[in-house]
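The same chain A turns up in both complexes below, where it pairs with chain B and then with chain C.
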Partner chain A sequence: MSGANPTRWTAAAIAGVLLSITLVAPAAGTPPTPASGPVWDTGQLRYRWLSGSEPPTWMRSAIHAAAQDATVSTLADTPSFSYDGGGAGWIAYTGDIPTDYAVGYAVRNVPSSFGIRLRPQGYPLDWGTLRWCQFYDSPPSGCFDAELITLHEIGHVLTLGHIDESTVTDWNDTIMHAAPKTKAKTGWNAHEFGRCDAARLQLRYGAASPSERISSCLDLGTDLGLSASPGTFIDYGSNLTLSASLRIDADSPADILAGDPLSGRSVWLQRRPVGGSAWTDLVQMSSSAEAGRYFRTLNVTSPFEYRARFSASSSEGLDDATSSVIRISIDDPCVSSSDGHSINSPIC
Partner chain B sequence: MIGAGWRDRIGPPSILLGSALILTAAIPAATAVVSRPSPGPVAACPGSPAKAARAAQRDGVQAKDVGVRAEARITSRGELTGRILRLDQSDEPAISISLPAESFVSERTGDAVVYTRSGDGSGSEVHIVNVETGCDTIVASPAQIVRSAILDRSGSAVYVHSVTRAGRGDAGVERHDLSSGAVTTAVPPLAPSAVTGRIFATELRWSTDGRALTVQSCGFASCLSRVLDVASGVVATIDGRGQGALIATTSHHLVAFAPCPGLPCSVIAFDIESGAGELIAEDALDARIDTRSAGGNVLYITTADGKLEVGL
Partner chain C sequence: MTRTAWIVFTLTVAALTAGCGSIGASPTPTVAAPTRTPSKATPSATAVATPTDSATSPSPTPTSGSTGPSSQPGPPTTYLGDETSEIAGQLRTFCWHDTCADAFELPPKQDLTILVVTDPAAGLTFRAEMPFNRWAASYSSRTMEDLEPLGQGGAVYDPDTSATVPATITEANMTAPPSGDWIVYIVMNSFENEAHYVWRVQVP
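And now, the complex of A and B:
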């Protein structure tokens, strides 16, 4: 398991936090891959070879590669996959598959075990003979990529189902097609989960970490809060620390992701003159050690209005957000404004 | 049709309900070997194929302990080159039959096992072997590539599913009468279907009452079934998109998994007449039908939460 369980992430409360909420809009294109059943609540799933049905060397290499692909490409807090001769999960190279028509087959029994069956090279099917690309030095057209098929089966182990092809706008959005492509059709050798596979896994398991990219197959609203310390009345020439808190909208339909902090993003501090209309980017806020927190310390000599702005990367499925506005006044002992607040007076 | 007396002779009908085994081998048919290491080759088969088939079924009365195994032959590089049909007898040396990759072995019915073999460029053979005597008879020699075959419960005919030699398109199911040798189309070839796409596998399975033959054709993701009423010759097609691997067919229902990529998976009962599906259970890890229950067919479903019994 990479990172902490996002459900246990906590966000520190900050006095005076003002939130700006961007509502979730429906995503266009391929939806997150369907999934069902309970999820694994473990950091690692270990597999062994089923005794008597051990895969040949070339297939083992493909399986190990797929296990690594799965571990690094879910973008989610999913268990990692690794080989262990005593593992609870097993993988078999066998023609003994409950469905005559499958080339791969997964059985998931959360939380105790799982099994994956892969048909042998040369197995006859109605349409012809099953060929695995990895069996050959020069794989022929029409072979199945064993690494992709194993990754696909691992997807089933992680609770993913098959995509409804009528909803797919880009084949590469998912590897969970009911009928994977053979060489050399589009996507025949994809070696990572598609963005919509990762999206569903993030919705079910949470993001791998607060700084993990949110799949672009999602379209999640974000909350951006801003607070000022030590307050909004600052002594002339003293330091003001503005802190922003960025998280996934707690009210969005983001399943387990809702309310999770977002780290490592680009959050800008903006300001404008008091009463002004145009905002200008002042500085990019620095990431805090605390998940989802950003800060900037300024030496303040003039009153301004401040806000934070999050501009989402096009590579992830988050909406932009801006915080509410904080007006900073200067507490100058030499000059008092008509409303009782101090104003800047450089010649006091 | 088949009465209880017949069932008593061959043993519980449930032995017919499991998935049939698809066999494979790379050796050409001409080099196949039927051997009994000692005392010698398989016994000659007296009489006609029909007689041999019926004899095999009659021998089932004795219910001798003969293990039937189909073992894959896989090279060290992982290539399936064939299968060995092995008949392990408790008091005699085993009989082994080498089969090519393109072959099939049925489940045992009484003492009869049907197996098929097809070679490159040559015709196919459909055999019935008496597992007790070792008598091995060719009962059909279709020109197409035979994918599977199943003996009817009276031992009077064998139903053979084939694909075409050119293009391996579905060639339908033929009935080979073992007495006359007459060949008739039982279930016509399946035209390409949007439901199934390219056909990966076709399974032949008798209904629990033995009156209907289910021919289930599956693509990568979903299946289509045609249920042949043997007496009338009427074929009912169940082609909804919600059908996966076949569990069993009763007199009124076809019970199948949903088109899941694995397990757990929902279990659905389709009305054979209307084709309408009804969800029986969700998240099943296993589903088997037992026809021996006094109250009729009972479907046993295992889920993570326990077992479920459904009368059908």
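And now, the complex of A and C:
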């Protein structure tokens, strides 16, 4: 199906999104790419050339590039791909594919091995003759980019399926189209997973790290907590450390991501006078060495109410969050701990 | 649905699919060796270590008519018809259990059996030899890029969230394409599996 004519699909997409909506995908955008089956529980997947079906040099370069693309663009805790002559997985450049139409064919045997088969240049398929762009010094229009197609097959190895085209709002949201573009149509040479591919991989494998960007193809709630040390009632002029904890909502339907800490984000400390209504940004909180923790130490001489605020970047699929309010009282004999007003006393 | 319940359900669906045919049922054609034309080095003969092939290895000889390397049951046979007749679809792209095949394009019309629609107003009916939960139909005169939506229904199952498991469907009805000679393309999802089928449909 074609994403080149997205307007044709608009009406169908609206219905499709309504039907397939989940709580983790933005309501109006392409959903995470479908996937199936068990995931790999290993840090690295090694591939070799299948004996007797070794790719030519130009194809090898494209395959290695795709392996690198896959390793760096998932945003998820997926295994990396690398060449190893003794690898359990293999890639073949072969016409021996059990269909008369397929350009690529991927089989995964989680957790032990996988196989990817790519048809040779010039192979006569039922719909036409296969042309790989990398085969040519000057690739002609209509050729397939071998790096993209290999990355697509690696996507299958990582358990991705094909996107439902009726739900696609931007062709570049995924490389897992049932009909990838040929040169020189938009997206014909994409060399990284689309944001909705990455979203699915994050849903399946978890984020690559607490500081990894959460794909904007997702829409996850966040939870922001705030605590005060040494407490909420402190001596005048002493130091107060406010610590925030930012996590993906523990009740998120995105099972594997729920409750995960979020590091390296922009978390601001806000304050207002006791009993006031307007909050002002006081300072950006510093990241702690502990995942998902942020802190700020203040020298406090007046009572205030504090809260933390997280404003998600538009490049991420996270919702904003605000912490609960902490009221800091000052142990100052001349200041009322209840309303912060000066006390009219002989000793003050 | 809990993961445990999902596993039980998956096993049930897998059991239902047993005997529905094997992946890659289309025969491999007799093929001429690809002819290399312009530039670049010839295919490398560089030796690499070649350990014993794993279970995913294809047979050492071309597997004409092979069921492919997967031992899992493949996509089911599906049918498209009108009030008077129905014909089996030709399997194209699929991701079924642990195997994915990528066709990328539609077959030539002359390779497909023709469904001649007698009463376009009555629409078309799609059915499969196993329950499914989502379908999307489109039609084209020739290429994937020209596909126009025809109808869709059901809901996609998301195995990675706490989303509700969608209901199954056994049959889907859709409007017929406009007058003409078309390829009808239907994507069928059976929970985590997907398969794409084509038919040639002539509408008066």
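Just so we're on the same page, the second predicted complex is superposed on the first by the 305 of 348 C-alpha atoms of A that agree within 3 Å, B and C clash if a C-alpha of one lies under 4 Å from a C-alpha of the other, contacts with A are read in each partner's own complex, and residues count from 1 in each chain.
By our rule, a residue touches a chain if its C-beta (ideal position, glycine included) is under 8 Å from a C-beta of that chain, and two chains touch if they have at least 3 such contacts.
Fair warning: this is a prediction, and the values are worked out from it, not measured in the lab.
Colleague: Is this a clash or a fit when chain B and chain C both end up on chain A?
Modeller: Taken together on chain A, chain C would clash with chain B, as the superposition shows.
Colleague: By the touch definition at the top of the document, which applies to A:35: first (chain B), second (chain C), both, or neither?
Modeller: A:35 contacts chain C only, not chain B.
Colleague: Could you say whether A:72 touches chain B, chain C, both of them, or neither, answering first, second, both or neither?
Modeller: Neither partner.
Colleague: Under the stated touch criterion, which partner chain does A:101 make contact with: chain B (first), chain C (second), both, or neither?
Modeller: both
Colleague: Given the touch rule stated above, what does A:144 touch, chain B (first), chain C (second), both, or neither?
Modeller: Only chain C; A:144 stays clear of chain B.
Colleague: On the superposed three-chain arrangement, identify whether chain B or chain C touches more chain A residues.
Modeller: Of the two chains, more chain A residues are contacted by C.
Colleague: I'd like to know which partner A:283 touches here: chain B for first, chain C for second, both or neither.
Modeller: Neither partner.
Colleague: Output check: A:184 vs chain B and chain C. Expected answer is one of first, second, both, neither. What do you get?
Modeller: In the superposition, A:184 touches no partner, neither chain B nor chain C.
Colleague: State the stretch of chain B that overlaps chain C in the combined model; pick it from 44-52, 188-196 or 206-214.
Modeller: 188-196
Colleague: Where on chain A do the contacts with chain B and the contacts with chain C coincide?
Modeller: Correct list for chain A: 36-37, 55-58, 93-95, 98-103, 105-110, 120-128, 135, 153, 156, 161-162, 178-180.
Colleague: Taking the touch rule as given, give the residues of chain B at its contact with chain A in the complex, in rising order.
Modeller: 19, 22, 24, 26, 72, 74, 76-81, 101-102, 147, 163, 168, 170, 197-203, 217-223, 244-245, 257, 259-264, 283, 285, 304
Colleague: Under the stated contact criterion, what part of chain A meets chain C in this complex?
Modeller: 1-2, 4-5, 8-9, 11-12, 15-16, 19-20, 22-24, 31-32, 34-37, 48-52, 54-58, 60, 85-86, 88-90, 92-110, 112-115, 117, 120-128, 135-137, 144, 149, 152-153, 156, 161-162, 164-166, 178-180, 200, 203-204, 253-256
Colleague: Could you list, by residue number, the parts of chain C that touch chain A in their complex?
Modeller: Answer in residue numbers: 23-24, 26-29, 31-32, 34-46, 48-51, 53-63, 66-70, 91-93, 95, 97-108, 111, 134, 136, 138, 144-149, 152-156, 158-163, 185, 187, 189, 192-194, 196.
Colleague: With touch defined as at the start, can you tell me which chain A residues reach chain B in the complex?
Modeller: Chain A residues touching chain B: 36-37, 55-59, 93-95, 98-103, 105-110, 120-129, 135, 153, 156, 161-162, 178-180.
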